[in-house]
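Accompanying notes for the structure given below.
Labels run A, B, C and D following the written order; every chain starts at residue 1.
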Amino acid sequence: MTTTPASAAAPSSLTPRILEAVRHYGTLGIFLVLVIVASLWSDAFLTERNLMNVVRQVASGAGIMAVGMLFVVLTRGIDLSVGSIAAVGSVLCAHLIAAQGFSVPLAILLVIATGAACGVVTGFFVAYMRLPSFVISLAMMAIARGISLIVSAGRPITMGEPGASLVDFGSGFFLGIPQPAILMLLIYAIGAAVLTYTSFGRIVTAIGSNEEAVRLSGVPVERYVLSVYVISGALAAVAGIVAAGRTGIGTPQVGVGAELDVIAAVVIGGASLMGGRGNMFNTLLGALILGIITNIMNLAGVPGYHQNVYLGLIIILAMLIQYVTARSRR
Amino acid sequence: MTTTPASAAAPSSLTPRILEAVRHYGTLGIFLVLVIVASLWSDAFLTERNLMNVVRQVASGAGIMAVGMLFVVLTRGIDLSVGSIAAVGSVLCAHLIAAQGFSVPLAILLVIATGAACGVVTGFFVAYMRLPSFVISLAMMAIARGISLIVSAGRPITMGEPGASLVDFGSGFFLGIPQPAILMLLIYAIGAAVLTYTSFGRIVTAIGSNEEAVRLSGVPVERYVLSVYVISGALAAVAGIVAAGRTGIGTPQVGVGAELDVIAAVVIGGASLMGGRGNMFNTLLGALILGIITNIMNLAGVPGYHQNVYLGLIIILAMLIQYVTARSRR
Amino acid sequence: ADCKVGLTMPSLNAPYFAAQVAAVEKAAKDAGCEITTADSQSDFSKQINEVEDMIAKGINILIINPRDQEALVPVVNAATAAGVKVVAMDSTLNPKANFISQVRSSSDENGRLVGDWIAKTMKGTPIKMILLSGNQGNPGGLERRMGVIKGITEAQLVNEGAVNLQILGQGWGDWATDGGLKAAEDLFQAHPDANLVVGENDSMVLGAVQAAKAAGLDKILFAAAADGQREALAMIKDGAYGATGLNDPDLVGRTAFDVAYKALKGELPSDFPKEYFTPADVISKDNVDKYYKPDSVF
Amino acid sequence: MTELVSLSGIRKNYAGVQALKGVDFDLKAGEVHALVGENGAGKSTLMRVLGGETPPTSGTVSLYGEMVALSGPRDATSRGVSVIHQELALAPDLTVAENIFLGRLPGFVNHGALRKAARDILDRLGFAIDPAVQAGRLTVAHQQVVEIAKALSNKARIIVFDEPTAVLANSDAERLLAIIRELRAGGTGVVYISHRLNEVFDLSDRITVMKDGSHVETLETVATDVDAVIARMVGRQMSALFPPKDGRVPGKVVVDVRNVTRGRKVRDVSFSVRAGEVVGLGGLVGSGRTEVARLVFGADKMDSGTVELNGKPLHLSSPRDAVRAQIGLVPEDRKEHGVILDAPIRINTTLAKIRSITRFGILNVTKERQVATALGAEMRLKASSVDAPVSSLSGGNQQKVALAKWFHADCDLLILDEPTRGVDVGAKSEIYNLINDLAKAGKAVLVISSEHQELFGICDRILVMAEGAIVGELAEGAFTEQQLLTLAMTQSARNRDEASL
């Protein structure tokens, strides 16, 4: 009997693309509104110098770490240890260069490896023992903070002459753009490519979307879950190195409380903590949004105690813009 | 025609109960191991005075807030604002009593109402606008911290004579047990009763398991989601009041970073951040476990920098015990 | 020796505190005491817990750098009641509490000296100042900045007969170098006409020095209300950094322990003051050699 | 014919439950071996063993004559075994193409090539599903098609179809059956699990019947008939699948839907259902039936139109309004919308009317157990106890829990969206009886189903939808496949013609 014509509704092929676009514009909308408000609020905002400051601040703050965090969040995990690992990165980098006499490139390699190793520990327990990432990464947060304090004996380590090239990098410009910002953009570009164009990225997304489906497709899920924590740890260490390069010193004070900023950047960028949803471009916007908020408050001279209140209100407003622009999303 | 015998397989009736029990013993197992280790490690641990210290510390720390957090977590949400709301509670309580001349009971009522109001704001955006709780409560965290700084002008407020009854409560004993601890146990008992024996508790849990199914059963999901943030805010304010009672002053420094401790207590207690799973008894154990860890390190004289490392290692070990005892859980 | 020392710090997350810990630990070990150090991680209720735990453990000396001047009062009283010799150091503790003494440098006096030095150095120029504060609600920070402001005001009144001080903005740097850097970057954008940066500690000002360098601002004077961190002293030597107040963690730590130890031995003079200040000074190019030790902990 | 699979003495115990009690099963190249049995008989569990997803407690698995110990799904896949799951296993945030090739994505993904490959497979299946769309945006039926495409793309030699047609309309199911025949002709061995026995007889070479975790009998399809198979499945003779419709007296109009429209999915839909009447809503997949149900239930907002219940206009802004007005909906997506899998049966049962077991907000769990147990018995729910989580039930029994919720809530209008999806014949017949009982008790019932025979068997009249609009109505006596499809398809064709003009 009766073959039915293929029942694909033509409009439905468009819908997801529109929705996809709206999702983009959710974060982009906030971003643009914020930029407009900021430039009206303070003349100093839209100066080249200030904008370069903001991107450099973001690069050595939540920016780079947010890339790793997005990978983690895509798998439905969370990594609270990033700020502490950045501290380890900063301290260890300065220690290796100043006290141990390692060359800058070698020190950087070792530090990134250390960050990755921290990620291996977290990832192992999360992936293979199926323990909740929140608690395990909280434990790693404490451990890494402790290590950074022990290595530095609690005080800043000046890199001095041997670390000059790192400091040059941290404060230098390339084509008028701060070098740390270029590094950050590069990391985002790589992150975006990995997420979109490699099986790794797709599988990571799939795991957050439906872990069981991925497992049943014969994918060794554990390895991928482990990897995202390794990436996050390694990038946190990179963030620590950038912070050291920017100030010329390694200190265990780096990244205290940074985990919340980093996760906030990812979520303001539209990623879901329930996994499977999020992209690099919006995450970058999310990090920039947070950076701009504190920047404009300093420029506009919002009194200290009120800055907290403004920060909170602006974040809520930002999310409301996302709600309005991306209403149909959920 | 056609009747099928209802073939109830007898053995399977046991399964859920066994699993339930194992879930209990996961956290209880950690707890017992920790108590044994602690009493071997330091003679001072198993003294009445020390144990009373620990419960009072937990009561004015993460303990009370964890009850509210469990409700939030059960719905698949997160509330990062608890520490800041506790600060508002502590400052406002002292301000009302010392500067405004309110009576202690009235001040307490007003403060709890304020905490609840903060919860209403968070809950409104989460429940009715469907914005992610992580970001909204992060915003509320900043706002509440700002409010506590503004109200107190950044300085501690001494309650003095008018607040004497509160201070008596904070440092007093009843039947040999610190009064704040009794309050905490009472709150846990009520929380457990609400969770187990009321339709509210049941629906909250169900929302975390499958929000859509609950909505499609005709339940006004939004109201319930709003409520859990109100509970969390109110209990955070209570924690702030207890802290004020313990020290005799209200200060905006209360509860900095407490959110992570509180969530950790809930998760160590076996609750899932993916919602729908968790119970009061284990949450209490989770809070006590965290309290004991720091207590025993102080008793045993673990050096400051190393405490972080130990804390992290003990948390991981604790989770491993949970893994071993509750292996079949997932 | 029955000498068990408990040391509790508001945070270990700052070089100044690290140096203090090192000083107290060394002094305690030299005296043959056993010492336990605890880190309150910026949370005074943690610090209360720590003191409770230490009392339970049976310490007989408590050196406390209190996270809060009021909140720690009950537990300090409890410690004294339990027979512990309590000495506070560095941060203030309400003097109504029962303890032997508090040992610290005087923010007021240091600030006055630093302010005086600034006013002299910038004589004739209207001062446009950027202030770098630690964290909101920190009373120590408040004392430090008010000390400097008082010092400048008083010196200008004395020297010039009028106050010519404008504070363009206040940034928050969380006591750390990168925090100070970020806050200074923003403030320099908003106020390119600034000619003075005052920070509540050296770490933040070190960040501001870099921000100024990056922004190409070279006519700025840098000063900190207190500290004397090694890196800052090195820059004072070079002339890149103006001045800082003397707040020697080593001296404060050692003195605090000595006072407590003497009390334990019953050797402390009965008229020892409840508030003891270590000598104040402003460290500038003129006298930096006296204080600069390239191998110092801090 | 070579032996592809041989399972022998397979036992599987889940903490306390013996899901399989020593089952033998074999599969030859180029045959379709049907596996039938009641809900919970152990069919899916047996296939999970074959797919390497769960190790058997005891027993052996042989592939191509060689004994193997499968280490996991990957191992099974690499040995040419593909299982299409009963419970959909797609990653909703990934595109269709990515889902199809999920286990074998190349290191660097060329999305263009991937989509093309996916489109080829989908075209071969005869479905024009856009490979670039996120899988989560597809209807359940289309998701099922993607699952099938996923298995086909594996070039497997052994393919297990676990109720693949449960969510498909008849016409789409036909297309799938054609594909399976093609696979068989190519030498693939197919295990086919279905509760649609007519399909089983259409397609299979052999039929294995399972009951309560045991192998009952393996029959040559040509040498047996439906009744014999049913008798072995349920352990006795079944007289009729559908209860007699007499004894139902249509009363006054309960629900009156007028000019309801939502976007292009639902266009100007009007109909009414009387008390004591069972009205069917038929049509092809994607014709908008589910959407109509959700609108009447307040789960989605209508652009325009009105719904009256018992003569009073309803303001439907959420399901809550509908439930308060005594409307119930058993949704088509059981797992996502119908039940809370983690929660015990009793909690699911009382969820829509929790008031009935509370006083001042305090639960009376004893009463709840009684209520749920009684309802379970009435519905012949196969469960260890009402405290067992719904996730521990077989698919058919989960569906009964979804139904029980609304029986408990005691609605005036009950909307059932694909109520017997994945339900065994015995249970189906029970559900039909339950629907009949509802009608007899004076309730209004609206049934959406893609199984036309089912609509014919239980409805008093059938509304036919196409492209979001009601295109016709079949009265009792005029129920034929031909009629229904003509209505459903000519309208679609006409619309397309209009569109192309």
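One rule holds in what follows: a residue touches a chain if its C-beta (ideal position, glycine included) is under 8 Å from a C-beta of that chain, and two chains touch if they have at least 3 such contacts.
In this text, all values refer to a predicted model and were calculated from it rather than measured experimentally.
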Query raised in the report: Taking contacts as defined above, which has more of them, B-C or B-D?
Result: B-D
Query - Rounded Å distance, chain A centre to chain B centre (Cα mean) - result: 29
Report summary line: Whole-angstrom distance, CA centroid of chain A to CA centroid of chain C, is 34
Report summary line: Note: chain D sits from chain B at a C-alpha centroid distance in Å of 42
**Report entry** Residue numbers of chain C (touch at least two other chains)
**Finding:** 12, 21, 136-137
Requested in this report: Give me the residues of chain D that touch two or more other chains.
Outcome: none
**Report entry** Interface hub residues of chain A, defined as touching at least two other chains
**Finding:** 149, 153-154, 304-305, 307-308
Report task. Draw the chains as points, connect those that touch, then say whether the picture is a line, ring, star, complete or other. Result -> other
Query raised in the report: Can you name every pair of chains that touch?
Result: A-B, A-C, A-D, B-C, B-D
Query raised in the report: Where on chain A does chain C make contact in their complex?
Result: 42, 44-45, 47, 49-50, 53, 57, 60-61, 149, 153-156, 158, 171, 243, 246-249, 251-254, 256, 294-295, 298-301, 303-305, 307-308
**Report entry** chain B - residues contacting chain A, complex
**Finding:** 76, 78, 80, 125, 129-132, 134-136, 138-147, 149-150, 153-154, 257, 260, 263-264, 267-268, 272-274, 304-313, 315-316, 319-320, 322-323, 330
Report task. Flag every residue of chain A that touches chain D in the complex, lowest number first. Result -> 1-9, 11-13, 15-16, 196-203, 205-210, 212-220, 276-277
Requested in this report: Would you pull the chain C residues touching chain A in the complex into a rising list?
Outcome: 12-15, 17-19, 21-22, 133, 136-137, 169-172, 174-179, 181-183, 185-187, 189-190, 203, 206-207, 210, 213-215, 231, 297-298
Query raised in the report: Which part of chain C faces chain B closely enough to touch in the complex?
Result: 9, 12, 21, 34-39, 41-46, 48-50, 52-54, 56-58, 67-74, 136-139, 142
